[in-house]
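The structures considered in this document are given below.
Both of the next two complexes hold subunit A, though its partner changes from subunit B to subunit C.
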Partner chain A sequence: MSITGVSLKVSGTATLLAALTGIPLSFFISHREFRGKQTLLTLINTGMGLPSVFVGLFVFIMLVPAGPFGFLKLIFTPKAMIIAQYIMVTPIITGVSLAAINAVPPAIRENAYTLGGNRKDIAIVVLKEAKFGMVTSVLAGFGRAIAEVGAILIVGGNIAYTGSVGGMGEGLSYTRTLTTAITSETSSGDISVALALGLILITINLSVNAVASMLQRRG
Partner chain B sequence: MNKTLLKIILLMMFAALLSGCIQPTTEEVQVEMRLSTTTSTCDTGLLDVLNAQFEAENNVKVLTLCQGTGKAIATGELGAADVLLVHAPSSELAAVERGNFIDRQFVTYNYFVIIGPLSDTADVKNATSAPDAFARIAAAQAPFISRGDDSGTHKKELGLWEEANITPMGEWYQSVGKGMGDTIITADIKQAYTLSDRGTYLAMKDKVELVTQFDKDQDFLYNPYHVMAVNPEKFPDVNYDMAVKYIEFLTSSEVQDIIREFGLEEYGEPLFIPADDVINGV
Partner chain C sequence: MTAHLKITGLGKTFREQRVLRNINLEVERGEIFAIMGPSGAGKTTLLRILNLLEKPDTGSITLDGDTINGTQQSGHSAARQRISMVFQSPALFNDTVYNNVAYSLKVRRMDKDIIKSKVSQSLRLVGLEGYENRNAKTLSGGEEQRIAFARAVVFEPDLLLLDEPTANLDPGNVAKIEEVIRTINRELNTTIIIATHHMNQVRRLADRVGMLLEGELIETGSREEVFEGVADERTRAFIEGEMVC
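Entry: the complex of A and B
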């Protein structure tokens, strides 16, 4: 796979899994009262700003063969990188999506109720109202994941396949991403390659956000 | 924004996804061997040449982790690598002593060099030994960049300060905690001295203005590389068979010849000298 491919695969998968967790979780939090809700909210808010190197260190300790989950043999694989990014992205998607749900005016919910809607109908109404906020939450999560370097460098190891010094081609990367490649290319003095990788990274971010703003305007 | 632009962007994203995701994933089927090694063997490109041949001969994928020697040994001691190629003999022997590594073999060597600005404000060029060169840098308070990352080169640097009876301290002595390439680039920007292995410096020579200021002290600047396997008795999941093959491969006379020739054409001098030449007394 190419460096760009590994970046997209790892961050895309992590964001998808985080969305599948975070969006239902935000719904649950906003519609239910339960013990420890405040603690959970505090955890989510803290999680939104977790330092990526710390997440990397934590996942590293968990996954090394001498660690508690060493038997899974995940250290220095793309899966380990997905796990680390999932931990970072889930709180972001949950938090932003929760804010979007909370911003839905109570009158809309009440109207749906007055018109005879049951719990499910009300949920659908809220979902429709908050959908742009949710798209934003997923994009914010993806933005963090694709730009992140600290955690995946530690748990992925920036591994390129043999025959790839200073290169950018296909079939090159195992756990090397755009961001980790920028660090190693800069280290070896290949500034032009690092710059080119940076441009690819910016292009990805720009495209994702352009589509998002497009969707929001049309909606 | 109009619809055409949206289409173009969507097309670009689709193309990016295609290039990334729809690839045949053949990587899972093959046997893998994790090599934890130093930045110098990676940055010079030597491993690329050697590993390509090893992969072809043994139908294996070599996953190379380019770390400093300290981190490479730590990775091995956690069982997260199968084989190591490193250059800090005392740390290696201590780790072998702890029972974490076996089958340690001498592969190659080169020499460290003290590089610095052309102006040579500390007059390192006329030093009588490597510790004397360091003493001159300290006396002149000339800027010095330290790796500060527990790598083989960092350990060597600390040893040289000790030998010179100096505790490096002050604004002139700066630790960056990074690999050799980064350290050379930082030293270049700051017009500072630093210690480098010859291989990495030669590989980066054209990208920086720093020059070799001292390389005459063959005793103190000796830089041997050893290969060793992670002990399968401590970590049963390691690929010990492949590690043994890799050790045999690196020490074979065929590969030793490749090491002797490596970089000769591009840099005009060899980056690494094979262990065979020492053993045969060349």
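Entry: the complex of A and C
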């Protein structure tokens, strides 16, 4: 797979999994009172600013052969990178979604209830009202994931095939992403390649945001 | 004969402050009953309890003899299907007018053709036929409130609660909304309870009136009785504008 392909696959999968966790979690936190809610909110807020190298180190310790999950043999694979990015992105999507849900006026919920909606019907109404905030949360999560370098460098190892290995073509990436490639190309002095990769990275981010803006305008 | 709506010994306290105390009231089917009183008198709390959004601390409410909200919560969900409310702010959903008005019918899993017909009837009732495909958020304040009325009555509730429904509107739109209220009452025979502090609105709309002051229903009677033969000095002071709202 190409470097861009690996970037999109790893960050896209991590963001998708984080959205599937974070959006329902934000809904649950917003609508239920439970013991430890405040602690969970503090953890989410802290998680939104987690240093990526710390996450990388944590996942590395968990996944190395001597670690508790070493038997899964995931270290230096795209799956390890997805896990690291998932840990970083989930609090962002949860936190931003929670803010969007909390911004829906209580009168909207009360009207839905007054009109005969059950818990599920009311949840759907709130979700529709907060949909732009939800899209923003996923975009913010994807933005963090695709631009992230520290964690995936530690747990992915920045591996690319420089020769023909196992029938695979030369220059194909295994765990090398746009960001880790920029790091290595800069280190080796190939600034023009690093700049070109940076341009691709920015183009991806711009394209994703442009599509989201278009969807928001359509309502 | 049992009253359509009967409130007995209703009381509510928020953070050690008694908001409602020993409210007793009977309202007949098809009546427009106005609850007037200054801001903070407890009007909204009373309506929210009637609308099952709040639970009373004491007392009970019955609708056609069925207890709907009280310290015992029997009949709560069945009553939910018979009561509707229009709030001071329309709070329309960010969707088309059709989907707003159709909401209560969709959650009742009604047939699509029936929904279409009822939405159409309801929009005619509020004078906004042909607005189905408009985005609800692009309407004027008066139109939004009329859509809120169409949405509230499309499932033909027995009891319609109105909490200061014209508070944010200009006189032209106030007149339109009052006409909508009369039409709903006349054509659907809906019992209406309206909370307001606008004296002229009470005079124009109400069959009977109750004066709520500091959480107590101090006087009830027909419109004529309350406005022309005031028994309570505090009601007279409110009507004559001596009481600050």
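Throughout what follows, the second predicted complex is superposed on the first by the 211 of 219 C-alpha atoms of A that agree within 3 Å, B and C clash if a C-alpha of one lies under 4 Å from a C-alpha of the other, contacts with A are read in each partner's own complex, and residues count from 1 in each chain.
Keep this in mind: a residue touches a chain if its C-beta (ideal position, glycine included) is under 8 Å from a C-beta of that chain, and two chains touch if they have at least 3 such contacts.
Here the structure is a predicted model, which is why all the values come from computation and not from measurement.
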| item | value |
| --- | --- |
| Overlay on subunit A: subunit C relative to subunit B, clash or fit | fit |
| Touched partner set for A:L8, first subunit B, second subunit C, both or neither | first |
| First (subunit B), second (subunit C), both or neither touched by A:V125 | second |
| Partner chain(s) touched by A:M62 [first = subunit B, second = subunit C, both, neither] | neither |
| Partner with the higher number of touched subunit A residues, subunit C or subunit B | B |
| First (subunit B), second (subunit C), both or neither touched by A:V89 | neither |
| Arrangement angle, subunit B at one end, subunit C at the other, subunit A at the vertex (C-alpha, nearest 10°) | 170 |
| Which of subunit B and subunit C A:A160 touches, first, second, both or neither | first |
| First (subunit B), second (subunit C), both or neither touched by A:I23 | neither |
| Partner chain in contact with A:S184 - subunit B first, subunit C second, else both or neither | first |
| Minimum C-alpha separation between subunit B and subunit C after superposing on chain A, in Å | 20 |
| Overlap of subunit C and subunit B interfaces on subunit A (superposed complexes) | none |
| Contacting residues of subunit C [partner subunit A, same complex] | 51, 53, 80-81, 83-85, 87, 89, 91, 93-95, 103-104, 107-108, 135, 151-152, 155 |
| Interface residues, subunit B side, partner subunit A - complex | 1, 5-6, 9-10, 12-13, 16-17, 19-21, 23, 25, 27, 34, 39, 42-43, 45, 47-48, 51-52, 55, 61-66, 78-80, 178-179, 181-182, 184-185, 203-204, 207-208, 235, 237 |
| Subunit A - residues contacting subunit B, complex | 1-2, 4-9, 12, 64-67, 70, 73, 75-76, 157-165, 170, 174, 184, 186-189, 203-204, 207-208, 210-211, 213-214, 217 |
| Residues of subunit A that touch subunit C when the two form their complex | 105, 107-108, 110-118, 121, 125, 128-129, 219 |
